[in-house]
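Same chain, two partners: subunit A is paired with subunit B first, then with subunit C.
Showing the complex of A and B:
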């Protein structure tokens, strides 16, 4: 009989009110896999409907899964589940962070950490393997994340991985983050830690993640993935420029390495070169993210790429820009994607080049990301900047902010493209200075407080997807109805990348369509970009597969910004990846044979539990009418064009009604309301959930 | 075939000895000269360490190390059958945040992810006079003829006292808290095999010899 590997088997529960630690067996959550699945079940069972995010009765769950820390590529993701203050119902959501934290949590011996209650004074949780203590955090309360982390590390040891909040979290700003490893942040739940007076969790672990298979089997399966299946960041599998080894190339690809391109700020510039798809010693060079995000000017400031524990894809840019010190921040900066883009977006009138031609985006991004990360301010997936733009240009700010405060804000800097405006901006938001600081409430609460007009919601430029106040995130522009459905499903911006990784792989549309046919039954599951067709059942299957894999990855935990491996960079594989790879790794690590189909069923279970939780918290089964909503621009943009004509991503209202119906059907939910039925809950072994919803009269 | 194979192992050992003479070092662990390193495509940086192992020349280039720790997970998977970076024979994660010395007032400009972003990958030097082996009260660290002469821990003799960890100037041998047994690098090179940026690179002695000969050095 093989030993059961993967899980540590232990969950730590920390009651901050009493200071008592208790330990629970993970096995009761086994059919929910881990991570997100554990988080949802605890929230469903233990947090009453109607509880608000900052109430003492709210809980937060830091959870990992059986593959976290197991050395499977891209597997150090922490899933944090709690009520989300920026959501109008404070409905449950997840925030995620990469870095080292999740893996170290496993090595310390915990699958999950449940935080409940409220501490009387600021504390940090110090975990060293089995030894757990709560320590006074007064000495760092009021400080930013960077200094707090360094101060705590100087007490607990340099090896510790520390997840901390900044002033934004302490002050219960709705839009705040929890961060570890300098640039790995989980957006939305920083304020929950602040409300509980928990400044940080410091964790170090000397133990192991056990596996049932042998080291050699583990090595061979890793080699199989690394030498022909894994691509570049977001599982882009063709290079961005023509290269001798590659049949295809695509300008949009994040496989940006090429001859002559260097990590220019390394002590001796290191050439990324061409990275052949089978050369595992060059995987870390494939994604040259700094020039992808900032343009050519960034090359000479690039120290290297960085990223998470066990991930060979290095998607964070680690920069050394000496001129940043002129703004009072470190010359060194790290981040990727939205971490860099959102501060630049706050500068809605643009940033002027600061020190040399073409450096505007780089300086704005690296300065702003350091400020936002240190204060711990979240951006609501980039919408904070678009909220500001609307509030300013509509004249709202002048009306709602007292004159004296208004005049103290350096608007000239904002309008003149001086990025030092960001210094003022993030400080006001994080420290809750004045009326202006409500920028940190999130779009829904801000629009309500400042009485934004309907055009705020209707505008494509503002970019809100949902009347619940969250923005588009690979929505209708990504796979038409597929992206649109996914964007309606969660209580914040959809963090589902399954479909986007596939659509953005860089392969020609005919190759993608042939893969779509194999996966979801028809080539029509996927539309070509800007050339959409009406809804069909194959798109519903594609959408379902995308969201359940997303939930599965956040439970196993694997990075959904890389997984699943739908495609491959190899012509010899006919560009087919291996979507059974998660189940192969899980079988190897745990010793329990599990098929791809069985694992997808677990993903379906987890996502349906999320749905049940949303029904419970919103107190209605009418998901279609109250939750799965889209802002008007989705249907009204491009007034000169009709939906399903070339050149537009405009959607059709009647078609989206059909789209949701088809999706509900695929999920086995009530087709009228979109709420999970008893039959489906029972099919997914969630009878207790069905019983509880029944008691609350919340079954369709 | 077997005769040929034996000969090639002997040849490698000769190359290693000559290499050490050439670099003027009496121990296995050497920081190679710039000109020597440049022969192996390592530029002129001060940040590159070269270690003459029995199997080949192990290059650790901190400029290329991105801190992914795949070397650590692979080392522990292969040698211990579990994933446990703490007992990995190559060390990256313990220096990840704040370098070798830990957080200082100047942490923002010092080594590590919270500083200048430079990693400190540490690898066993396979010292000719091994501090770990000499200090071991059980004489449990020996040169293993079946493992190309690398110093290895005899697990049945080890009592997990940690003397080797303390004796090693780099504190590389590590006692597994789960088994109470120490372990150290066997110079297998699997860490280099899987490094996604080639920051760890094991160059076989045959290639070292060819490269040096081509560049006017005479070895072996």
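Showing the complex of A and C:
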């Protein structure tokens, strides 16, 4: 395997119970590519059905892929696979983090790290190339991620990349994260590290990723992508304001650079200017995310945009807000998207402007993100705030929390828009203080414990997509049945951006439809925003393609918030991107030619393996009836409107039954149950998986 | 006419286009080009005939003639700049709203018109909105408002009211619930 470029060829297995390290060849996972593919296979083969997330028998796999660390744009993603404690079945899920961790893992010589067993005492894993040790972590156990990372770095060297948990993970809070760098977190699995008393993984790597192609070939392919195909954050390909070089524009675009817009807190403010699509030296200026997230007030507090290794996009805003120190946190904040929005969502009654007009969202978001990140609290894609709102407004909190504890919670701050409420909120959740701390259980377990009424599940405002307890995330609001299908497929919110990046590209609908026709067979694969039509086979193809690419990206690894390159900002390309770029880069890196179709087949294999694993863990083939479920609001919202009329995302029950059937057919799964068939598993070289499911009587 | 002089003019047109501006014929009388009227005519004739300068486009207004490069400025953008130069601002607003309602489709945020190259001030926008109500020919241009107070315009020729209202709310508020 090591003779091929891309992979290192080595997987490290760490047994925390025995303290023994062993090594395996990555080659047995080659047809599963890497990342998520490796993770799911190990979970399928080695973790028995019925195992719970915090059981010693559970495992965690930190995995990269052949493109990680190779210099492909947007390729430093770590995929973490394990059981998910917030899921009612503790079914498998994958979480991902950006930053530098993945690339450094490759430079240290590892494609994946398997964590198994339980340490007797708190430890951290220290990896310096081939040297691997388990070190005492008692000096940081009980501390937040920021200080723990700094303390560990002071011992292992500042060049190390450290992924750590905070108090939330240590206390096995279901909603907890693992984080590397200052803001790159993976949601849902922090408690598993806590259950194994593994505080952190510190990696230093002095190696490199071997590449089969020549430097010139590599340069040319990179230039091809950077000069005319890559857009801005989320692969938005039009600017947010009219600009001379651009035919189109879209207010919702993350290509926010424009004349007069500056990184205002830089040492000498830096103007983003208008970033022409062919100027690859200004790609990093295209997305001014701070003002996109917080409004104009954020401009003067923006130092720069930051992000992950090998990513030109830079989607994390790095802010210097001196007034944050008044809350007892650092003046320096960095994050993006839900990292900021979720804490602001916890403040469900709004936040008042704190120090100047219009700063409410910025202060609430940057304060909350630091608290959440340091304690290591996850948010279930923002639903923790909506859970709180429901629990408060329904009177549930007053019923279930003992009076003394209830009175100790600063409700006046919450109601008066004082974001210092968040200081108390995250502390209680992370340190498991009192009954209130069950807010960290996740929506499903919370609803069960506090006996939420059916209206909790049926409410559009609460926004839960599935009765399994995860929220909408580019669901029916993103591409009608396509988003809806994708949202049913995983064991948490789908984290799938393939379809959303295309839908949100900013191009007019007719341009998008013409691309849809080329890719999935008909213009009818894509509906106009909020103007949906009944299900058809082309939408099923679009959905299949979307989820396969998502799985591929989490295996290669590439950032699915950018890839695939379905569109381009260039009129000269007729706005067509190049969806064969993944296979082109992979061929160049590995030296083994692989076509777009062949690589998509690998993605199909990985996703079907996930499905098989879910069947195994749930102990049923009835995916349609037990897993691929949607909450009632999806169909009952907008009661004065009919589905498939302009102005509503309301879906139709009968139509979604057809949608799932069409999707199952596309995937080669049983059309009645949605379970993978033996024929499909064998077609995808997963005969061993079919055999095991057969033994368990879990084939349809 | 020297080739070098022509190139200087073309470079100026292209650079101005990159910056979102037309060159008017009379701009070529001024520094740094400083051509006489006869020479301007010769230069433009030469530019028109030279395939190397096929991107230079002439556009005739009511009183002025304009030059821009379609390599550096798209036709859509040029159409906006033309209306601004011709001071046909109400017409521009209406055309923009109708274009967006038809093409994307989406309602148009009123804040768009404060951006370059529109650069309308608040008073102008208020005046235009009054005129739209008064003039029957613009009766398809209607207003919506998102829950955060942001105002939008749409054309009922292309969007129903329900659709425009829902899109307005989506653009301003709902899409940020799932970033």
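Here, the second predicted complex is superposed on the first by the 697 of 700 C-alpha atoms of A that agree within 3 Å, B and C clash if a C-alpha of one lies under 4 Å from a C-alpha of the other, contacts with A are read in each partner's own complex, and residues count from 1 in each chain.
Note that in this section a contact is a pair of C-beta atoms (placed from the backbone, for glycine too) under 8 Å apart; a residue touches a chain by one contact, two chains touch by 3 or more.
Being a predicted model, the structure only gives us computed values, none of them experimental.
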Following superposition onto subunit A, is the placement of subunit B relative to subunit C best described as a clash or a fit? fit
Which partner chains sit in contact with A:181 here, subunit B, subunit C, both or neither? Use first/second/both/neither. first
Of the partners subunit B and subunit C, which touch A:337 in the superposed model: first, second, both, neither? second
Please indicate which partner A:305 is in contact with in the superposed arrangement: first for subunit B, second for subunit C, both, or neither. first
At the Cα centre of subunit A, what angle separates the centres of subunit B and subunit C, to the nearest 10 degrees? 70
Using the superposition on chain A described above, determine whether A:108 touches subunit B (first), subunit C (second), both, or neither. neither
By the touch definition at the top of the document, which applies to A:528: first (subunit B), second (subunit C), both, or neither? second
Does the superposition put A:556 against subunit B (first), subunit C (second), both, or neither? neither
More residues of subunit A in touch with subunit C or with subunit B? B
Tell me which partner A:33 touches in the superposition: subunit B (first), subunit C (second), both or neither. neither
Scan A:70 for contacts with subunit B and subunit C and give back first, second, both or neither. first
Least Cα-Cα separation in the three-chain superposition, subunit B to subunit C, whole Å, stands at 16
Quick one: in the complex, what on subunit A touches subunit C? 241-248, 250-252, 258-259, 293, 337-338, 341, 381-382, 463, 472-475, 477-478, 504, 508-510, 528-531, 571, 641, 645-648
Across the complex, what residues on subunit C touch subunit A? 17-20, 72-77, 80, 103-106, 109, 111-112, 115-118, 159-160, 162-167, 170-171, 174-179
What residues on subunit A touch subunit B, complex-wise? 5, 69-71, 73, 100, 103, 107, 129, 146, 149-151, 153-154, 157-161, 181-182, 205-211, 214-216, 218-219, 222, 226, 263, 266-268, 270, 280-285, 303-312, 314, 318, 320, 330-332, 334
Report the residues of subunit B in contact with subunit A in the complex, numbered from low to high. 43-47, 63-70, 73-74, 76-87, 93-99, 101-103, 107-109, 113-118, 177-178, 190, 193-198, 201
